[in-house]
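Note that the chains take the letters A, B and C in the order they are written out, and that residue 1 is the start of every chain.
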Amino acid sequence: MLTAITPSAYVVIVLLVPIVLIGLYSFGLMTNVVGTHTAFSTSDWSDFLTGAGNPFRGRFFTSLIVTLVVSGAATLGAYPLAYFLAFVAGRHRYTVLLLILAPFFTSYLLRVIAWQVILSNNGVINSALWSLGLRAHGHAISWLIYSKFSVALVLFYAWVPFVALPIFVVLDNLDRRLLDAAHDLGAGRFSTFMRVTFPMSLPGVVAGFVFVLIPTTGEFIAPLLVGGPSSQLFGNSIQAFFSDTPDWQYGSVLALTLVAIVLIMLAVFGRFIGGDLTRAEGETV
Amino acid sequence: MKAVGRTGRAVLSTYFGLLVVFLYAPLVVLVVFAFNAGNIPSLPIESFSTKWFSSAFSDTTLTSALLRSFLIAVVNGLAATLLGVMAAVSLARRRLALRGVVVTLILIPLVVPYIVLAVGMVVLLHELGIATSLVAVLAGHVVISLPYSVLVILPRLRTLDPSISEAALDLGASELRAFWFVTLPLMAPALFSSFLIAFTISFDEFAIASFLAPPGSPTYPVVLYSSSRTPALLPEVIAIGSIVIVLSLALVVLAEVARRTAERRIEARTEAPPLTAG
Amino acid sequence: MQQVNRRDFLAAGAMLGGAALLGGCGSSSSGASSGGSGGGSSAKTTPLSKRPDISKEPGNLSILEWGGYEAGGTKAQTSGLWAGTPYTDEFGKHSLVYTYIVNDDQSLSKSATSGPFDIMHPCNEMIPSFVKQGLIQPWDTSLLPSFKNLNPFLVEKGQINGKQYLIPWDWGYASLLYRADKIDPADATGWELAWNPKYKGKISLWNGSGSNMEVAALKLGYHNMDTMSESQIAAAKNTLIEQKPLNKFYWSSEYEQMQPAFKSGDIWITYSWQDAFVSMSKAGLKVAYLNPSQGKLSWFCGFTLGAQTQNFFHAHKYVESFINHKACVQMTNLFYYGTADKTIKPSEIQDHKLAKQLNIGDPTAIEASDVHLQSWQPERPKYELAWQEVLAS
């Protein structure tokens, strides 16, 4: 019994209780400003959800779109990679997979800083162009950094290897005899792919998409390092409220919204991600 | 017929090659500029120099932050693995009350954005009247590492041949002894993986640390972040960063090699004798 | 996940409800306890004899500071400031950890969320909030040999209830710095210059949070920038939103963003304190420091002592290394900010003309009739929220 309770209780105390507290803050029941009166109030919530032209709501939707686009791009970019690993790489494919995944296990922060070094106004790309005489010295390409492009690029870079993994697993486990059967029935390679391989790989594709979608929704580090004022994400607003203003109540509204949207995403896409954790030993689906 | 034809192979292989270059280019950039004598990481490279390494190692703010992060990551690895073993043991049982609740709780940290957890813990500490501290950072790291630990340990636990620990019990060992001397060693590769994953998560974690590490004792990612915005401190950051990258790549390779070796050895030892006909 | 059924969700919900009760019970006195956690700054101060000796203090000072004000001798100090060198000479340059703020509002919010800090360098308008939230304690001026050199006008302003919470150090102005060779003099009449569409893409306002609301208030012709009504706050916010697209960027770091961009000609108009005027003139640019019709902003800042500091004596030594005469003179000659040191002589200032222009040596200038001293505002949080809305728009 202890083995089940201890970890569960730990999660409750360290994670659930803080979220509940944030909830209470968002409804005005608690405050961090000494001497302020507290009472149940939905004013911050209604301001965020329904206030005319609320900029945080605007940023929320922009952020969501960026996240969906980046996740989609990463999934699209990862598919050929997974396909290569499963069908072309042959015997050494697990080693090659390791080669692809290894950067993912180095420091995320360092990799974003590396992109900062590459993209910045006197960074690798710009100074290379100046040295080669392709661009007037001192004139940097302005959209390379502190832009939506840089944020999207960094996020894409960070997640492509990770997304390739579930797709690869599915493709790798694909029963090759099915492909042979399709060929025997007269299908060409492309046709086989469209009608057999791809549809069967969809669970892996969706899993990969969700694997990148959920963490990216709350992303705020990349915009801090390579993003500009017009490319900040929703996570940055949350961070700003808690570090730049004393308004923890409004910040809590934003934080809780982020949690809610992630749970919704999970509910929508989670059906595709199997979990054998929920089955007891010996049980089948 | 092969699934991929000749043109297909060429296209996919080219794509793969480009992607590998794309993935490793930033890492190479960091390592190259770590040896750049210039003050700004800009081309052309001025001259080869190791001065940023010596400068970084004599910067006690940076080195003490590295040490702090290392220690927190080690403790996090141990604590998350311990909790992960406990959770895995309970989930591997045939019957478990409120199984769904336990699973949900164990997996929730996977979906809560770190920024929300960070500000939530700030609020919690504030309400409890506790000051921010490295212990709080550790507590946050343990909770986010826990699901990964369970996800690595539980499958391994499930694939173990139960007859081995049953044999131990038949021989008179208590459940705890059987677990400690029989089951646990058999899970060694998974425990090691869990430790490594938790270590990696903690060492690089920024969101929680940025809010909960006391200003006088920042962790390495926090120092990394603030230094990256100060041009004067960037070269040192790159120097240390290149070491971290090389070490972590080496670690990934070593871990995989060790895991495969260990698994092969354990399977060889615990292989059931082949069934003979008749 | 797909296996989690309704029964389990209800059970989880019950657990969450229990957690809510737990959270609710513990925080019924959230107002009191959060103030209490700040320490007893308003309570009795520990007598010096009861404090542990300086050799027993941990010694690692964590300081919340503006970029450019790092102590001389530290690696991060690149603006040329000498102040603090006596401290780093005595205690070593690696014993200081700096956390940076980019605007006044961060000085308060970071102290509350990322603290506790040993020393913070906020400006005048935030001090009452610092005291109210229990974040700072009074200095013991008997430990500061150079304290007697400080101008009584500023010293008094740094006191609350007779206790010295702020050791004043630097003071000056804020206005628009502009390229005299690029801007039509007819346009340079007041704060509205930053709103002039003719110079779109060549303007950079500060990421100044509450301060930007003050600029907007002045631009709109309000005389009550510290006590704006809801509709005035909304109007100020909207005019800032209108101005937003005219900026090339909002600058947060003077040395990394604003000055390099101004020097390279990327921007022609920027919010700045007078130090940038001096730096840009020295760099050979034709610049002018606007005298807006609505009046410049003025400010004074200084050092505050963290309520929970373990480095009481170290902190005093640090401040002394900044307020000594040599440090003050050097700072003024570097940034052309006023200093709280009243013993400074005109002969010690290099550029006499500039010094006269900026009224260096006479801090009462910050309260001149044509200048608006940035002061405490009762509804500052509303200004900060409005600025976040501008940023997110």
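The criterion applied here is as follows: contacts are C-beta pairs under 8 Å (C-beta built on N, C-alpha and C of every residue); 3 or more make two chains touch, one makes a residue touch a chain.
Just so we're clear, the structure is a prediction, and the values are computed from it rather than from any experiment.
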Inset, instruction - Counting only chain pairs that touch, give me the topology of the graph as line, ring, star, complete or other. - result: complete
Legend entry - Chain pair, A-B or B-C, that carries the greater number of C-beta contacts: A-B
Inset, instruction - Compute per-chain Cα centres, compare each with the mean of all protein Cα atoms, and return the closest chain. - result: A
Inset, instruction - Among all other chains, pick the one whose mean CA position is farthest from the mean CA position of chain B. - result: C
Inset, instruction - Report, in whole Å, the distance between the mean C-alpha point of chain A and the mean C-alpha point of chain C. - result: 35
Legend entry - For chain A paired with chain B, centre-to-centre distance based on mean C-alpha positions, whole Å: 18
Legend entry - chain B and chain C, separation of their C-alpha mean positions in angstrom: 39
Inset, instruction - Would you pick out the residues of chain A that each touch at least 2 other chains? - result: 12, 16-17, 21, 30, 32, 242-243, 266, 275, 278
Legend entry - Numbers and ranges of chain C residues touching at least 2 other chains: 1, 3-4, 15, 23, 27, 30, 34, 113-114
Inset, instruction - Would you please write down the residue numbers of chain B that are in contact with two or more other chains? - result: 99-101, 103, 105, 107, 122, 126-127, 211
Inset, instruction - Quick one: which bits of chain C touch chain B in the complex? Just the residue numbers, please. - result: 1, 3-5, 7-9, 11-12, 15, 23, 26-27, 30, 33-34, 36-37, 58, 60-62, 64, 67, 75-76, 78, 94, 97, 99-100, 113-118, 253, 256, 308
Inset, instruction - Using the touch rule from the top, collect the residues of chain A that touch chain B in their complex. - result: 2-4, 6-8, 10-12, 14-19, 21-22, 25, 30, 32, 77, 80-81, 83-84, 87-88, 98-103, 105-111, 113-118, 122-124, 127-128, 130-131, 157, 160-161, 176, 179-180, 183, 189, 192-193, 197, 214-215, 217-218, 220-221, 224-225, 235, 238-239, 242-243, 248, 251-252, 255-256, 258-259, 262-263, 266, 275, 277-278, 280-282
Legend entry - Sites on chain C touched by chain A in the complex: 1-4, 15-16, 19-20, 22-24, 27, 30-31, 34-35, 38, 103, 105-106, 108-110, 112-114, 132-134, 209, 249-250, 264, 381, 384-385, 388-393
Inset, instruction - Give every residue of chain B touching chain A within the complex, in rising order. - result: 1-5, 8-9, 12-13, 15-16, 19-20, 22-27, 29-30, 33, 40-44, 83-84, 86-87, 89-97, 99-103, 105-117, 119-124, 126-127, 139-140, 142-143, 146, 150-151, 154, 158, 200, 203-204, 206-207, 211, 221, 224-225, 228, 234, 237-238, 241, 244-245, 248-249, 251-253, 256
Inset, instruction - Would you pull the chain A residues touching chain C in the complex into a rising list? - result: 12, 16-17, 20-21, 23-24, 29-36, 38, 53-56, 58-59, 138, 146, 228-229, 232, 237, 240-247, 250, 266, 270-271, 273-275, 278-279
